[in-house]
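Have a look at the structure below before the remarks.
Chain IDs A, B, C and D follow the sequence of writing; residue 1 opens each chain.
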Amino acid sequence: MLNVGIINITGYAGSEIARLVYSHPELNLVSATGRSKAGQYLDKVFPHLEKINIKIEEELSDNVDFVFSALPHAASAEKLSQYVDSGIPSIDISADFRLKDLETYEDWYDIKHPRPELIPQATYGLPELHRNEIKNSKLVANPGCFPTGGILSMAPAVQNDLVEELIIVDSKTGISGAGRTAKEAFGFSELNDNCAAYGTKGHRHQPEMAQELNFLGKNKVKVLFTPHLVSMTRGILGTNYGSLKKDLDEKEVLELYKEFYKNEPFIKIVSAPPATKHTWGSNFVYLYPYIRKDTNTLVVISALDNLVKGSAGAAIQNMNLMQGFEETMGLGALPVYP
Amino acid sequence: MLNVGIINITGYAGSEIARLVYSHPELNLVSATGRSKAGQYLDKVFPHLEKINIKIEEELSDNVDFVFSALPHAASAEKLSQYVDSGIPSIDISADFRLKDLETYEDWYDIKHPRPELIPQATYGLPELHRNEIKNSKLVANPGCFPTGGILSMAPAVQNDLVEELIIVDSKTGISGAGRTAKEAFGFSELNDNCAAYGTKGHRHQPEMAQELNFLGKNKVKVLFTPHLVSMTRGILGTNYGSLKKDLDEKEVLELYKEFYKNEPFIKIVSAPPATKHTWGSNFVYLYPYIRKDTNTLVVISALDNLVKGSAGAAIQNMNLMQGFEETMGLGALPVYP
Amino acid sequence: MLNVGIINITGYAGSEIARLVYSHPELNLVSATGRSKAGQYLDKVFPHLEKINIKIEEELSDNVDFVFSALPHAASAEKLSQYVDSGIPSIDISADFRLKDLETYEDWYDIKHPRPELIPQATYGLPELHRNEIKNSKLVANPGCFPTGGILSMAPAVQNDLVEELIIVDSKTGISGAGRTAKEAFGFSELNDNCAAYGTKGHRHQPEMAQELNFLGKNKVKVLFTPHLVSMTRGILGTNYGSLKKDLDEKEVLELYKEFYKNEPFIKIVSAPPATKHTWGSNFVYLYPYIRKDTNTLVVISALDNLVKGSAGAAIQNMNLMQGFEETMGLGALPVYP
Amino acid sequence: MLNVGIINITGYAGSEIARLVYSHPELNLVSATGRSKAGQYLDKVFPHLEKINIKIEEELSDNVDFVFSALPHAASAEKLSQYVDSGIPSIDISADFRLKDLETYEDWYDIKHPRPELIPQATYGLPELHRNEIKNSKLVANPGCFPTGGILSMAPAVQNDLVEELIIVDSKTGISGAGRTAKEAFGFSELNDNCAAYGTKGHRHQPEMAQELNFLGKNKVKVLFTPHLVSMTRGILGTNYGSLKKDLDEKEVLELYKEFYKNEPFIKIVSAPPATKHTWGSNFVYLYPYIRKDTNTLVVISALDNLVKGSAGAAIQNMNLMQGFEETMGLGALPVYP
């Protein structure tokens, strides 16, 4: 059994990692921190985790052999670096090690990176694109929830040079993506029965998508990303658009996507619009690529659970790869529907 | 036109008063305060109120002829008292002037009343029970949202001595009743798709219901009140139980309720279970009284919009009475459904 | 007072027209039909309309001077034509008279048009584009809910030749747009906490948007429209994309939109992302145009209530114009929020 | 591995059994029926069950060693009886074998029982009360969702003779309890943001609660049951009231409940109001018993997932007992929150 620790278990990413760790046959959650809630038992904060009988601490205990950090950016790099320095394998849920270009990071996050020298050794944790690097990495940067859908949607198209430079990613996210911190704008009465865009001046997940898609293709792409808050707890639906460079029919594009992801345990290529709720609580991603002949456009719709494949589930999948476990271990439960 | 002011327009009660004032042909909203948002234009805080072109202030301006206070308890009495002292007619949305017995107030609210000598001149603002006193009052205590449903449900039964001493009020409220202040427990992800009781040690609306029902009957009643948060924005459904003292059939009880409320413009006695959504945005209350013969119990189900008849709409209705306007003025819009 | 009739009052468009007719000072609802519910009193079907004391009939009564038809397409043209033939002014909520090109209609709706010879005398009921024609028309085709947002969003850009040929309209609609008819796919448990695209093979509102935008510009545009169901009852948020033909900054585009809509009573140009809930129950449309310099794209976000400006409210606005009433009459109530 | 079959997999109870069967290490789903959907692959109906690669059939195949029936009442007894006659162990999710008294069944369900002679050999499947009988039974009647909460809430009180004759069970259920069949009243727009009571003339789960509670106590109790639909997908919150016969304080009642359920793997006795969402997808029941001294009443609040402990999870738990598996097998996943 591997002893794992979770830094900042008191947010939704941290608590979801704890839920999945509990179901994993090779993991043992031995320690967890949570800023304002240190000293409390976990089940006071999250009654659904009552079976995990631990007290939230100020610092992780010494017997931890694997660390997940669910702190916000900057704070995460700072805290995690001590484990990285000690050679303890780690996964960072924050954005600190996702962007390879320091300047891009510092521009978009408007902050000095606390440990820029660690960036080169970090691996972007999307197994569908970087499986082998993840297996050999000690520091994995878990992808953002929106980029997971956006990159997986367009990767086959970009690698096969199917689309023009401009890619539009129009995403609809459940509110849990906004985190657990109390804010007036995230109150139930504000968001229930409501829908709005945000981040219209530029959202930090945009450079992350651009980076990964540009690793793949010969020709540069630009991403225009518009996130929207919709009135649900979990799930991200992404509608991804790219103008086709050449004629292609729907069957061809479906086959091409199926081929690209043929060995992927969590990717399902479907031929009808997927719904986020069919992924609830699971690590699956649905991708529905289709062609609109009248405007010669490729549209790819993606559906996933932002807290699982968009966060905690991806972290477990990455940890499995890093530790040499079966990649799907602990991630076998079906979605809970309805 | 009457110049009105709203103290603390930045909560849901205050903003709902503003919405209704705008539609009222005799009212002009000339001034409004809002603690942390003073200096901002109203439409920055509430875009739906953009037609009301005012700036939120620290203090109400001098040209106000009628005051609504939507401050929390204690703060409300303190601030309102200056208007009461100046003879300006006022409605207090808070609980400060609802309870006639000072000790009961200070016990349940765990606070010293800032202006106890004003309590005797305040009228409990439920027109269905106190219409004439309201007409002659300068200070009206707007009822709590739960008591409005509970009292209206059981008043005919208590006055006619139909039920035993114990009255159970089991209420299900939309989340807007919790106010607009940011709290972790009221975040969308916490409350969406969720249901829980609260205030199980005793909720402050209980003595208010007991007070009003005991004014009516010859025999004392006791109220057991259990509020629940349900996953909706507006609406309170109350399920009110009383053991019958004597045999009564459903027709008789329906007739008795219809008779009791025969001149009431906002009370509808119905013979099937009402739904909160049928009151959305309106001042109506549905009451469905029925008998369960097998246990000899009277059950009365009430449905209302907690922000209208449970708060701002009642305030407008009371103001109409105090000012000698038509009682229903400004309250004629139908519920918005679905 | 004008005597109005509503054909098919038992759907959400029909009942919403009834709600607005009730608040209109010059209208009197004298007759209404509803297929399976003929013979029932209106309040049995819609308790919130209890104040409108009418019985649902098989056919409209003879004293009707103005007709709203909320029947589905084809059925609507067939039924309405008798009133059109008699010279009674009418508004068709269905799609039957929206498309000027018969072939386009018959292709997209896969049906023979029952009265094609009436198409030329029908006016597309978007007052912001066709105010004068509407004033002089006896038959108005009320726009579709999605086209209302899409056309209003892009009309200033197309007329000023700002954007390239391809316009992407990515819309998120509340479920009431799907109507009231019982279907497994529209059950609460299926759609709550869920999000999905539909109509991905081509939605019938696409040619409607293309038609109206192409009336405006010198250069032809093509519309790619993707509708999505989100977990809310009312509201449509549209995210509309067009590649800019020339450099333009945000201020210029805001000014240009403000100028275009400067006399419009229901259009609000805003400089921050609007939310659908701020239009709940009202006839307002929010438009937020902005530029993404990094991809040289114009994005316009629109928010409206699909049952009001997207349907019944637009019908009242059109009727006001046709009858010579004040355009905003009966549409003055503020949105109900939260 | 045990080969199991599910009759009527196409409703929410049937599909939830399938989800749990998939996670159970000793079960193999080999056959499933579903009335109107026979011939379709399961993942066309329920995409979240795509991993279970079976075709829906008209009749169960012959290799089934254990049967779950999720048909409606009457149809269920009729279909199941052939398996019972063949000695195949079976669990009936419907109400057909819950009531021991034939007349009570035929009165409340207004139907002739198709196989009344089987009633005596059926066991009421609440392991907390009937564990040993279930172990030795070949036909188990899975409890209703509401009775599960109501009986578990009041069993310790009734057995210890703490409360007077009248027990009030006020329950709030998520909409999935209404099933998957398309009905106008269960459309999203009708139920979203809404709350209403139903079954006010008497709901069929009432005699079930009365039966089980009266097996326990020396003194007869009567149950007054009021179910309510609230705007969520899963979960039942029950608020259960009984007047105390003697003085008792909160600590005593908590201890008494903890003692009663001390060996129960799925019952959690808590000392603060539980929330339904903390049980989402899991077999746990939270019980919060407390005393209201001012009215001398015992209140017990219960929270559970209506589709798990209220239906499919209880069925798996019962099957485990009948087959001699570990009682908690396949039910170990934590609730999914938020």
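Keep this in mind: contacts are C-beta pairs under 8 Å (C-beta built on N, C-alpha and C of every residue); 3 or more make two chains touch, one makes a residue touch a chain.
Owing to the predicted nature of the structure, the values given are computational and were not obtained by experimental measurement.
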Measuring between Cα centroids, what's the chain most distant from chain A? B
More C-beta pairs touching across which pair, A-C or B-C? A-C
Averaged over CA atoms, how far is the centre of chain B from the centre of chain C? Could you give it in whole Å? 36
Quick check: how many Å separate the C-alpha centres of chain A and chain B? 45
Which residues belonging to chain C are in contact with no fewer than two other chains? 12, 174, 176, 189-190, 192-193, 231-234, 274-275, 280, 338
Using the touch definition up top, name the residues of chain A that touch chain B in the complex. 12, 174-176, 178, 180-184, 186-193, 231-233
In the complex, the residues of chain D that touch chain A are 12, 15, 19, 22-23, 46-51, 176, 192-193, 233-234, 268, 270, 274-275, 278-282, 286, 332-338
Which part of chain B faces chain D closely enough to touch in the complex? 166, 168, 170, 172, 174, 189-190, 192-198, 200-202, 222-224, 226, 228, 230-235, 237, 239, 241, 243, 273-277, 280, 288, 290, 292, 294-295, 297, 299, 301, 303, 338
